[in-house]
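Next, two complexes with chain A in common: one pairs it with chain B, the other with chain C.
Take a look at the complex of A and B:
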């Protein structure tokens, strides 16, 4: 026995690492829809990339109105590696928002949020909101013109919260106007408060995923609905049995067992690796080719600057532009109401049916909401070119 | 042969003597405008269908592949047939419009717009070639490529892209006429303030229009069909078309409103004319028509479910009532001041920049915005309820009344398209290119050319 093997055995005797790895790698996962499932692991990889690059940035960044811009300017002008790290931080955040959105859309349309996976969905919605909050608070930190005016607009939105709006805005700003306290508070929220909730929630999400398995999607069972000739047939009364523990609680005979399974390693890990690696390479290319912009230092007195919202703000920005002044509070209720509705979704839609074509009550409003956001983003982005 | 020449010859001579030596001049301006307007309307009515079919057909083929249902394949094939049959008709009208009417009547405008928009028009011409080539390949390889469905769907996907590009290119020109930008910068030209919203508005509109149109076509075929299999297919396809059309129309209040907002920001005069000026009654008719479309569609949903005793028809009837009330809200003038005296009595006889209104009929805020929101929400609920009830429907058993509603929907959609075109084109008046070129002095053919010296 070699020394490495002996050391491994010593470590395993004390930690049971071998069985832990085996349990982690050799779980049954569905064959159908495996590429769709890579969105979850890609989200995790991008969050980790955010964490690593974020740690590097905090080594240099100074969260004060006099030093924040200067520290990033130094990074951009005098530190080639630092400027790439900042680029990776920005672009991985952008792509993370896109990928986590796609992951949610996939889960929604395939009906994966249904019993017993309600809490997977709830933690997932929580993660989505936190990632969005990370992006918004991160946009304040460079303290350039774009950051300053984003801070003004975003903290102003808080004032529309019923009853406690003014209090919330004052709490966030730390004064009547956006200033030094706003920046230091936002920095604290960005690097401490949100991650302190985000990472435990990721742990809970993954633990629930392993408990219930990845079998939730309609696509895992799709074969039950058609014959080889492509003619519609009624669902098969019984499907091929699968070893327990998946799913943990069979809710319905039709959805009890997926048709085809394979081991997580190497099949799913390969697919996860391909997608994640492709995204990391894309992030790196964008970071090198475009980098992270840094505009002129924030100047509250300027009258010539036209603020441009971050792309993930475009739907809300477009909506705010469209509606009359009297209806603005109503528009700001929409995102809050939307998040609450998303949280409640698995408890409202309790029918075990997962086929998207057989769930019109959820699919039509859901598809409309997705199209609504996409179209508002498109319209908003069109306007950006005409500034 | 000589007899034929003897017969036709004098007639040709007479005709030649009567024909004008050049396009009719200024005193026929109204007639020219009417001719151009009506032919453009006809062109848009057909071209919108062709573009919509080129985009929707491949989507339905893909849907059929995913759902493994042959009726989708049959429907997509029918749309492919439509594109191949009507593409040339639509193109012929466009050629007539350009080569005869636009060059003849508005020569200066046409030369200017081609010079400014040379690149979009160049790409437009090639997307036509691409669109028609792909349409023929897509349609005629249906059976040969049945074993290679992925490849066939990829061809369909390219056709959809070509159809979209073709709409986008012409929208660059149409939107430039309303909100001109620096013509020297091709990017500014392509992304002028209204090109983006107009393209989204038209693309969604074309997709809705083709749904309503083939719904009506299927209604006619249903009434003529004798074979139960055909009856079942046309009944289903008619319902599918209407459902698709309504689903797309649901997006239009947001897209259309955004388009109007861009016009307000970048061409205030046109916007003012639409909302408060001479076009505001037409605008009022448009928002009312939108309500009528939603009411009619909901009536169909309710009737179709009731015919087969499926659940949900009662609630759909209640939704129709809700839509009627919303339409009344939408159609209500902002201020009931139909005469100048009424406006003056309300203290609104001031210029608009001082908070007054000249013609307050079409004001959007806030009631019409609320009406648009209600339209959307109620129509979403109607679509959901109809889909929930569909498992109780047996295709092929529809009544004549439902088929009449499908036909009515197509007529209403055509009216809507013509109304919208009328509003947009007239909001620029008297300009052909907003703020830059009017309809006057378009025919400068009388200027003598300098005599070349040897």
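Take a look at the complex of A and C:
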């Protein structure tokens, strides 16, 4: 036995690393639809990109109203590599919001949130909300004009909460107006508070994924689970004698398993790697070619600056414009209601039917909701950028 | 096994209760200062400061005129922050408006062509007397607490009505 093998055995005896790696890599995953499952791993890769570049940005950035802009301005003037790191942080955040949205739409479309994966979906909605919160709090930090007015408008939305509005606004701002405490608090929320919830939740999301397996799309399961009427019970699918989460024999009426499976490693990791690497290359190109902008330093006394929201904030901004003054709280009610509906989705739609074309009661409202957000975004961008 | 007196704590119940009490003590001892720390800014009285805006003898009638005034940024910093002030003279009456829109607090501007204050964010409009006359703003344009000594205008860093 070679020395390396002996050392590995020594280490394995003390940590059980071998079985841990086997468990992590040799999981059975569906063969068909596998390119769609790369969206989840791409989301994870982009979040890790955020973590890494974010950690390195704190090596320079100063979270203070008198220093924040100056520190990033210094970066842009004197540190080309630092500017790329900041560019990666910004562009991977933008692309992350796209990819996490696609991941969610895919899950919705294929009905993957159904029993027993309700909590995979619920933790996913939580992660989506936290990623949005990261994007919004991150937008405050450069303390340029764009950041300052984003901070003013976003924190001010809280004031329209019934009864406790001004309390909530003051709690976030740390004062009646946006000032030094606002930036300190938002920085703390961005780098500690949200990640402290986000990363354990990612762990839970992945643990649940490992427990129940990738659900896959309808095409994976055509004829693989019993019809609800009990007629034409399909034959048990041909598959390798695999370990859970895909039992080889039907366990109950709702049982569903992929027709064909293969090992996670290296088959799925190859597809994951291709998609993630392509996205990272795209992020890198955007970071180098465009970079992260920095406008003039925050100036509350301006009467010439027109605040333009971040693109992911456009639907809400358009809603702010369209909602009449008596109904401003709608701007809070609609997104909150939307998130609550998303959380409730697997408990409302409990029919085991997974085929998207057999689920119009869910697919049609879902399509309208997406259309509503897209139209608001188009209206907002048309208004602000004269498209 | 000896009969247990049901009124007496068992060893197990005692341990369970002790664990719960310990957890409760830790939660309260950590929770009180942390929650207090979070909400303490809400009870901090902001110091009202008077600042000189300038000489307003030259402000034309019915022509909102912008001034900038430096106020302490407050809290732990020594820095100042510039605030924008629109002085509107109507006959002998002066009003001192902020540039803060009452809708989402964006910076409003006087538009000479419109003869109105315009908020560029969501199209809020205010007339020369500060009334919200169009768009989403729910309240009139905020006015600074002010006083005039001769022709010199002074303002405080607070509004006559909170927004």
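The rule is simple: the second predicted complex is superposed on the first by the 349 of 387 C-alpha atoms of A that agree within 3 Å, B and C clash if a C-alpha of one lies under 4 Å from a C-alpha of the other, contacts with A are read in each partner's own complex, and residues count from 1 in each chain.
The working rule: a residue touches a chain if its C-beta (ideal position, glycine included) is under 8 Å from a C-beta of that chain, and two chains touch if they have at least 3 such contacts.
Everything numeric in this text was worked out from a predicted model, so none of it was measured.
K.L.:
Contact-wise, after the overlay, does A:18 reach chain B, chain C, both or neither (first, second, both, neither)?
P.N.:
Once the two structures are laid over each other on A, A:18 reaches no partner at all.
K.L.:
Classify the contacts of A:306 with the two partner chains as first (chain B alone), second (chain C alone), both, or neither.
P.N.:
Second partner only, chain C.
K.L.:
Could you say whether A:66 touches chain B, chain C, both of them, or neither, answering first, second, both or neither?
P.N.:
second
K.L.:
In the overlay, answer first, second, both or neither for which of chain B and chain C A:324 touches.
P.N.:
both
K.L.:
Contacts for A:149 in the overlay, against chain B (first) and chain C (second): which applies, first, second, both or neither?
P.N.:
Only chain C; A:149 stays clear of chain B.
K.L.:
Tell me which partner A:175 touches in the superposition: chain B (first), chain C (second), both or neither.
P.N.:
In the superposition, A:175 contacts chain C only.
K.L.:
Pick one for A:360: touches chain B only (first), chain C only (second), both, or neither.
P.N.:
first
K.L.:
Would you please give the residues of chain A that touch chain B in one complex and also touch chain C in the other complex?
P.N.:
In chain A, positions 321, 323-324, 326 sit in both the chain B and chain C interfaces.
K.L.:
List the residues on chain A that touch chain C in their complex, please.
P.N.:
64-66, 149, 152-153, 156-157, 166-167, 170-171, 174-176, 179-181, 299-307, 317, 320-321, 323-326, 328
K.L.:
Taking the complex as given, what residues does chain A use to touch chain B?
P.N.:
Residues in contact with chain B: 225-226, 230-232, 318, 321-324, 326-327, 357, 360-361, 364-365, 368, 371-372, 375-376, 378-379, 381-383, 385-386.
K.L.:
Could you list, by residue number, the parts of chain C that touch chain A in their complex?
P.N.:
Spelled out, the residues of chain C in touch with chain A are 38-39, 41-42, 44, 46, 66, 68, 73-77, 79, 81-84, 99, 103-110, 120-123, 132, 136-138, 162.
K.L.:
Under the touch definition given earlier, write down the residues of chain B that touch chain A in their complex.
P.N.:
Its residues touching chain A are 67-70, 181, 187, 191-193, 195-197, 200, 247, 250-251, 254-255, 257-258, 261-262, 266, 364-366, 369-370, 380, 383-384, 387-388.
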